[in-house]
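Residue numbering begins at 1 within each chain, and the chains themselves are lettered A, B, C and D in the order written.
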Amino acid sequence: MTYDRYTRDQMASRVARDIPACSYVNLGIGMPTLVGNHFTADREVILHSENGLLGMGPPAAPGHEDPDLINASRTPVTLLPGGAYFHHADSFAMIRGGHIDICVLGAFQVSVAGDLANWHTGAADAIPAVGGAMDLAAGAKRVYVMMGHLTKAGESKIVERLSCPVTALACVDRIYTDLAVIDVTPRGLVVREIVDGLAFGELARLTGVALVDGRSSG
Amino acid sequence: MTYDRYTRDQMASRVARDIPACSYVNLGIGMPTLVGNHFTADREVILHSENGLLGMGPPAAPGHEDPDLINASRTPVTLLPGGAYFHHADSFAMIRGGHIDICVLGAFQVSVAGDLANWHTGAADAIPAVGGAMDLAAGAKRVYVMMGHLTKAGESKIVERLSCPVTALACVDRIYTDLAVIDVTPRGLVVREIVDGLAFGELARLTGVALVDGRSSG
Amino acid sequence: MIDKTVPTLDAAVAGIADGSTVMVGGFATSGVPLELIDALLAQGARELTIVSNHAGNGDTGLAALIAAGRVRRIVCSYPRHKDSWVFDRLFKAGRIELELVPQGTLAERIRAAGAGIGAFYTPAASGTELAQGKETRVIDGRAHVLEHPLHADVALIRADRGDRWGNLVYRMAGRNFGPIMATAARLTVAQVREVVPLGALDPEAIVTPGIFVARVVQANRADADTRSRTAA
Amino acid sequence: MIDKTVPTLDAAVAGIADGSTVMVGGFATSGVPLELIDALLAQGARELTIVSNHAGNGDTGLAALIAAGRVRRIVCSYPRHKDSWVFDRLFKAGRIELELVPQGTLAERIRAAGAGIGAFYTPAASGTELAQGKETRVIDGRAHVLEHPLHADVALIRADRGDRWGNLVYRMAGRNFGPIMATAARLTVAQVREVVPLGALDPEAIVTPGIFVARVVQANRADADTRSRTAA
C-alpha cells in the first residue's frame, strides 16, 4: 500500500477550504500561517493577529517591511483597507470574549477528548514560552489543529492522554494532519478524510487510539 | 453673634483654591460643578467628566451647544485643546484605578469616619439613582465634599453615623460647608476654617459631633 | 463580500425576539440610537430587559418603549431625572423591575461580558446597599465586591461613521457605552450618520473594529420621522 | 502650565530606583522603547523586575539590560526565541527568575492594575501548569482561574506622537502593550517620534490620554546612538 502524505501547502489549502467566507480567523505561529496564502480575496476572510491587528493582509513585499507592522510570528505584514489597530488588552478581549470564529494552531499532541498540548514539550531543560496559545485555545469559537500525524520517531501525536503539558482542555474541534482530517466529537474521533492510498485500518493502527470512520457521512 | 454663611460661589471658590495646578479633577453633579468657574487658565487644572471627557472646557456658549458634547450633569460643554474622548469603561478605569487626583462631590451626610451618603435619601417612595457616585467616592485619590452644613430643618449633615444609605465608607478627606472647612483625619474632624463671626464653640454645637480646632495649625 | 450595512431601520431591528436583553447606548442627549429605538418600538418585541445608563427621558425613545409596556426590567445606573416621568410612574406602579448598578460597575460588567472575563472584584459599592447579597473579598486590605458580566442578545448603539465591515467611529461624548456594548451582545446594530467606503476610516482611529458589529444602518437625525430609508 | 516633556533621555529615566518593577512595552520589533531601555542601562538601576512580552532579543535593548545583570526577575509570556540567547544563558544558570504568564492574561492583569480591578476570573490556562496553585472557580459551567493585577513602579513605552499634556498616539502594531502599561505604572515614561503642540492630536483618536503619562521625551530611531538630545 502506497500513499503520499499531504504536503504542508496541501494541508493549508485543506484548512482554508473549511473556513467560511466572512469569518474572523486567527492563524497561530508556524504552519498555520500558511493557511493565509489560500484565501481568495472575494471571500473576505478577516485575519486577526493577537499583537493588535484585524484585517491583516499578505506579508509585506520585499523592501516594504515596516518594523511596526508585523504579525504575531514577527513577520512583516500589511493591513487591508478596513483593517484596524488596537492594544493588547483589546486584542485578547476579542479572543477571550469568543469573537474569533476560528483559530488554527499547531500542536505537539491532541487527545481523544480534544485536549491540546502545543506550548511546551515538557523537556526538563526547555525554556517554557506560552505566548497567546492558552488564550486562543480557550477563547476561539472553534479550534482547528494542523500538525504532522506522527512524530519523527513515528509515534502518533493523537493520543489517549497528553504526555506533554496541557495548553487547554477539551478545546480542539478538528485536526488536520498530513494523513487525515479528523473531527473531535462527543462520540469520539471521527475521520472525515484520509490521504489517497491509505486505508482506514492502517490509519487507525498508526494513530493507536479509537477512530470512527465518518467518511460516508460527509 | 452674627455671621454670614458662605455663598455657593464662595464655597466653590474656596474649593478651587485648594486644588493644585495640573491636577486631574472630577466635579460631581450639582454644586460641585460651580468649582469649575473658579480655575484660572494658567493653572491648567484638567477636568474629567465620567461620560468620557478629559480636558473638559467651560459650558458651551449659547447657540453653540452640541447634544453630543455634554458633561455628566447633562450640561452642554466644550473640550479644551489637548482634551480627549473615550468610552465608559475607559473612563471609569481612570476613576477606579486611582488616576483622578481629586473628586468634589455633593452630599446628604458625612460621618466623623468620612463615610459618605449622597446617592439616596433612603425615603421609602424615592426612586434610587446612583450614577457614578459610588465609583468616584471609592476611586478618586482624594474626595472633597461640598454641602450645606445644616439641613433645612437645622440638623447637622455631619453626623456620628450615617442615617442615609452609604455611598462609600471612609472615603471623604475634606468637607466644605457654608460654615466651615473641615478635614477628616485619624484624630477626628479637624476644623481648618470658620466663617467670620462664628465661634468654634457655636460651630461645634451646631454640628453636634466632636470637632478639633485646627485653625492654628494652618 | 462582507456587507453589514442594511438598507432600512426595520431591517436593522429584524428578528429581535420577545424576552430579549437589549443594551441601548447613549448618555442623556449624547449618542442615543433614537431611530433604532423607534424601530424596535415599531417592530413589536415584548418582555424586554433593557441595559442602559438611564431609564428614558421625556416621552420619546426609551421612554416611549417603556410607556408602550414593552420593557419588563431595566438594568441601569441613573433612572431618576426630572423628565423620567414614564419610568417613575411604571416603577411606582410595580410594572417594571429595576436593577440599579453603579455606573462604573455597569460599564465594567458590560466590558467583562465582551472580554470573556468570568467575574471581577471591584471596590465600588463595597459596604453599601447595592452590594447586599454579593460575595465580598478583602484584597490588599481593601474590601471588594464580586461582580459578574452583563451579556445581551442585542445592542443598539449610535456611532458617527461606519463601513461595510462594521468598523465604527463615534462623535465626542456620544461614544460613551457604544464601544463596550458592541462587544457584549450577540447581535450589535449600529446606526451611523454616514456609511463610508471601506478604507475611509483611519485604522489608527477606529474605535469599534467591525468584528463586534453585525448590522450598520445609516440614520440621520434629520430623518428621525421616516423610519425606512436606503443606506448610502 | 503642564509640561510633561523632558529634554533628554537621561531626564526621562531619572529617579528609577533599585528594585523597581519596570514595564517595558513592545512586541518583537514593534513599539519597543529602545532608547529608553538604553537610558535605563546607563542610569544604573539594579535588581529590577521587568514586565514585558519577551525577555530580550539579540544583544541590544532588554537583552543588554539583562546581560548587564540588572534584572532579577522577568514576568513575560514568550521568553524563548531563536535570538533570546542572553536570557537563555542567565535563566539556565539560575541567575534570573521567570514568571511565565499567558499573553492575554498578562495583558488583562496589566489592564486590571490600571483600572483598579482587585482580581478577575479568566478561563485561559485553566487545567494547565500555569494555573497551579491558583484559586479556581466554575462559572457558568466553565472552569476559571483567579488572576491578580500587575502593578509597576515605572512603564517605559514608545508612541508615535505626544504633546505636553502627555497625550499619545501610536503607530500600527507598535501600539501593543503601551496603552495598558501606561495605566498600570506610577511613573509612565513615553518616548515619541515627535512632540506636537497641544491640540494637534485629534481628541477622537488619542489612544492614551495624558492622565496616564508622567514624562514624554522625543527620541528618533535615527538618534539611537546619542542618548541625550533636546525635545522639540
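Just so it is clear, contacts are C-beta pairs under 8 Å (C-beta built on N, C-alpha and C of every residue); 3 or more make two chains touch, one makes a residue touch a chain.
All figures in this text were calculated on a predicted structure; none of them were measured in a lab.
In this structure, the chain pairs B-D and A-D differ in their number of contacting C-beta pairs, and the larger number is found at A-D. A straight line joining the Cα centres of chain B and chain D is 35 Å long. Look at where the CA atoms of chain B average out and do the same for chain C: the two points lie 30 Å apart. Computed from the mean C-alpha positions, the centre of chain C lies at a distance of 34 Å from the centre of chain D. For chain C, the set of residues that touch two or more other chains comprises 108, 111, 115-117, 122-123, 170-172, 204, 207. Across the assembly, chain B contributes 79, 85-86, 89, 92, 95-96, 139 as residues in contact with two or more other chains. Across the assembly, chains come into contact as A-C, A-D, B-C, B-D, C-D. Within the complex formed with chain D, the residues of chain B that make contact are 21-22, 24, 42, 44, 46, 48, 54-55, 79, 81-86, 89, 92-100, 139. Remark: chain D residues 27-31, 53, 77-81, 84, 87-88, 91-92, 98, 100-108, 110-111, 122-130, 170-180, 207 touch chain A in the complex.
Here chain D touches chain C in the complex through residues 108, 112, 115-123, 137, 139-140, 142, 144, 148, 169-172, 202, 204-205, 207, going by the rule given at the top. The part of chain B that touches chain C in the complex is made up of residues 49-53, 66-71, 74, 79, 85-89, 91-92, 95-96, 120, 125-135, 138-139, 165-169.
The part of chain D that touches chain B in the complex is made up of residues 1-2, 111, 113-117, 163-165, 167, 183, 198-199, 201, 203-204, 206, 209-212.
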